[in-house]
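Take a look at the structures below.
Here come two complexes built around subunit A, the first alongside subunit B, the second alongside subunit C.
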Partner chain A sequence: MYITVKYFGQIAEVTNKDEETVEVIGGQVSDLLEVLNTRYDQLKNEDFQIAQNQELVSLETALTGLEIALLPPFAGG
Partner chain B sequence: MTNRYNRHIILSEIGPEGQDKLSKARVLVVGAGGLGCPVLQYLTAAGIGTIGIIDFDTVELSNLQRQVLFGDSSLGANKATAAKKRLEDLNGDIKINAYPEALTYQNALELFNQYDIIVDGSDNFETRYLVNDACIITNKPLVFGAIYKFEGQVSVFNYQNGPSYRCLFPNPPQKDAVPNCSEIGVLGVLPGIIGSMQANEVIKLILGIGTVLSGKLLCYNSLTNQTSTLKINRNDTVINEVLNTQANFKGRVLNINCETDELVSIQKIINKEHIQIIDVREIHEQPKVDELPVASMPLSSLQNNLALLNNNKEKYFFCQSGVRSKKAVDFLKEEGITNCYSIQEGAMEIKNYLEQYKEQIQDFRFR
Partner chain C sequence: MKDKKPKNVFKEGAISSDFIGHSIYKHQTKTNIGAHNIFLGQVRADEIDGKTVSAIEYTAYEAMANQKFHDIREAAFEKFDLTCMHIYHSLGTVKAGEICLFVFVSSPHRKVVFEALQYIVEAIKANVPVFGKEIFEDSSHQWKVNS
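After this line comes the complex of A and B, so read on.
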C-alpha cells in the first residue's frame, strides 16, 4: 500500500523533505516505521509521535492508507 | 469603561461584559522571549487586569530580532523587568507583576495558584514539563506554544478535563544534543505569529467564545503556510502519574535541559574558588571578558596548550555561544583531562552578568 508521510521540524531535516509517498508491505504503523528507519539512518535517534489522519496512533495501529505524520516536540520559545 | 477598549466593546461577542471579564482575569506568562513578547503585548493591550511575567534571563543583542518588547536600551536588563517597564507604558490601567527569577519546582505551585491561566513561552523542555505538571496539580489551563526554525505548535492543555502536554509527548526527549538553547536559528516573525495565536486562545478562554484548541495541536509552517491540526486524546494514566508526584513536587530539581553535568551557568561559578576560566575563542574575537582572570586558549590550538591545564582545578570553558566550549570539553575528556565544564552562556551574556555582579566579584578569591 502507498502512504503519504509528512515530516515536521527536525524530522524533515533528517529526511530532507517535508512529504513523500512510501510503499509499505504489511498492515501496521510499525511496518511503515521499519521502512523509514531503513531509508533514514538518523531517524531512530529522533523523538517523535506518529499521527494517522490527524490522530495520534501507536505502532500497533493498523495502517488505513491515508496520511501519516511524524511529529517531534519543539522546545523553542 | 473608557474609550481604550471601544473596538472590543462594540463587538457583540465581547461587549462591556466581556471587557469586564478581561479586566478581572489574571494571566501568568512563563518566559518573556520570542513567544512571551507578543503574548504580553496583546494581553496588555487587551486590558487583561493582572499579568504576571516570570523570566530569569537578560536581554541580549541577538534577542532583538524577534523579542519585540525590547530595544537597545534594554540590553543586559532582566527580561521580566524590562517587559514590565515597556508594558506599563502600553497600558497603565492594568497590574503587571514581574518575577525576575527562574520558574522552579519550588516556586511554581504558589505562583500558578495566583493566576487563572498559564501561558508557556519557555524555551527548554525541562521548564515546559514543569509548567505542564504544575498546571495539572494546580488545575490551571495551559496555553502552549513552541517553535522550531520556521515551524510552530500551539495548543490549550489541561482545560475542562482535556489532555495535557504529556498526553502528546509523555516524557522529555532523552537526549538533547543542542548545546545552548539560544543557538538554533529562528525566523523572527515566527514567534510573533505563534505568540499571537496563544494570546488569541487566552482571550477566547477568558471570554468563553469560539472553540479553543483543547485536545488539538495546531502545527504551522511559515515557509509553506500549511497548517495541520492533530487530535490529542487525554491519557489518564500519565495525568494520574503527575498528580501522584504532588507530595514531593517541591523536592524535584529543575535541570534546565541545555544544562548537563558538564554544562553550567556562569551564575553557578562566580563564587567558586580555585578554578580556571578559559576562553576558547580566537584571539581577535570580541567582546573580551576581562572582569575575571581568564586564560585564552583558542579551540584551534587547544591541543598545544594541554600542559597549561591543571588537572586538579575545575576548568570552565566559554566561547561566543556555547558550541565551541562544549567541543573543547568533549575533546579534553577524550584526552583524559578531568574536571572540565562548558559555560552555557556566550561571552556577551557572561560579560553582562559579571557587570551586574561587579561588587561580589571584587572580593572574589581566584586561583
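After this line comes the complex of A and C, so read on.
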C-alpha cells in the first residue's frame, strides 16, 4: 500500500523533506517505520511519536492507508 | 459557546499587545462575566552553551493541532463553568520578548478561571503538535522541547 508520510521539526531535517509517498509491504506501523529507517540512517537516533489520521498510534497499530505523521517532541507555548 | 468544527488557532508571527487588549475590550459587553484570566507565553532569551536564543520559529502539524486545540476546548467547557475561551498560538518567527501563546478564559466567578487556565495551558503543552526551532544570535539553531 502507498502511504503519505509527513515530517516535522528535526525529523524533517533528517529526511530533508516535509512529505513523501512511501510503499509499504506489511500491515503495521512498524512495517512502515522499517522502510523509513532503511531510507534514513539518522532516524533511529531521533525521538518522535507517530500519528495516523491525526491520532497518535503505536508500532502495532494497523496501517489504514490514511496519512501518517512523524512528530518530534512538542514545543507549543 | 461550544463550536462544532475546529477553528484555526494559529496566527502568523507574534501576538501583539494591541490584539490582546482589543480581545479584553470586546468582552466588556458580556456582563454576565465576573472574572477573566489570561495566560501569555513569551519567548525567552535562554542562554545555552554561551549562545543566546534570539527567536523561535514555530511550525505545526496544523490539521491535527487545530483538532487538539478543539478537543482541549471542549474538555475545558465540559469540566469548568466557563462563559468563553479563546486560544491563539503563533506560527513562524517570534522574537525573544514577544508573545507566542495567548489563552483567555472568562467565567461568572474567579475560582473557575484560575483552575481552567492551568488545565488548558498544560494540555496545550502536552498534547498539541507544535514544534519550536530556537534560533541563536549567530543563526545556528536547536529544537525546543517542552519540559
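Throughout what follows, the second predicted complex is superposed on the first by the 73 of 77 C-alpha atoms of A that agree within 3 Å, B and C clash if a C-alpha of one lies under 4 Å from a C-alpha of the other, contacts with A are read in each partner's own complex, and residues count from 1 in each chain.
Definition applied: a residue touches a chain if its C-beta (ideal position, glycine included) is under 8 Å from a C-beta of that chain, and two chains touch if they have at least 3 such contacts.
Keep in mind that what you see is a predicted model, and the values were worked out from it rather than measured.
Contacts of A:Glu23 after superposition: neither subunit B nor subunit C is touched. For subunit A, the partner that touches more of its residues is B, with subunit B and subunit C as the two candidates. In the overlay built on the shared chain, the residue A:Gln54 is in contact with subunit B and with subunit C. Shared-chain residue A:Pro73: touches subunit B and subunit C both.
Residue contacts after overlaying the shared chain place A:Asp41 against neither subunit B nor subunit C. Once both structures are placed on chain A, subunit A residues 6, 8-10, 51, 54, 69, 71-77 are touched by subunit B and, in the other complex, by subunit C. If you check the complex, the residues on subunit C that touch subunit A are 41, 56, 58-61, 63-65, 67, 89, 100-101, 121, 124-133, 143-146. Those residues of subunit B whose C-beta lies close enough to touch subunit A in the complex are 31, 33-36, 120-125, 128, 145-149, 151-153, 168-169, 172-176, 178, 181, 184, 186, 191, 217, 219, 221, 224, 228-233, 257. The part of subunit A that touches subunit B in the complex is made up of residues 6, 8-10, 18, 45, 47, 49, 51, 54-56, 69, 71-77. The residues of subunit A lying in touch with subunit C in their complex are 6, 8-10, 51, 54, 69, 71-77.
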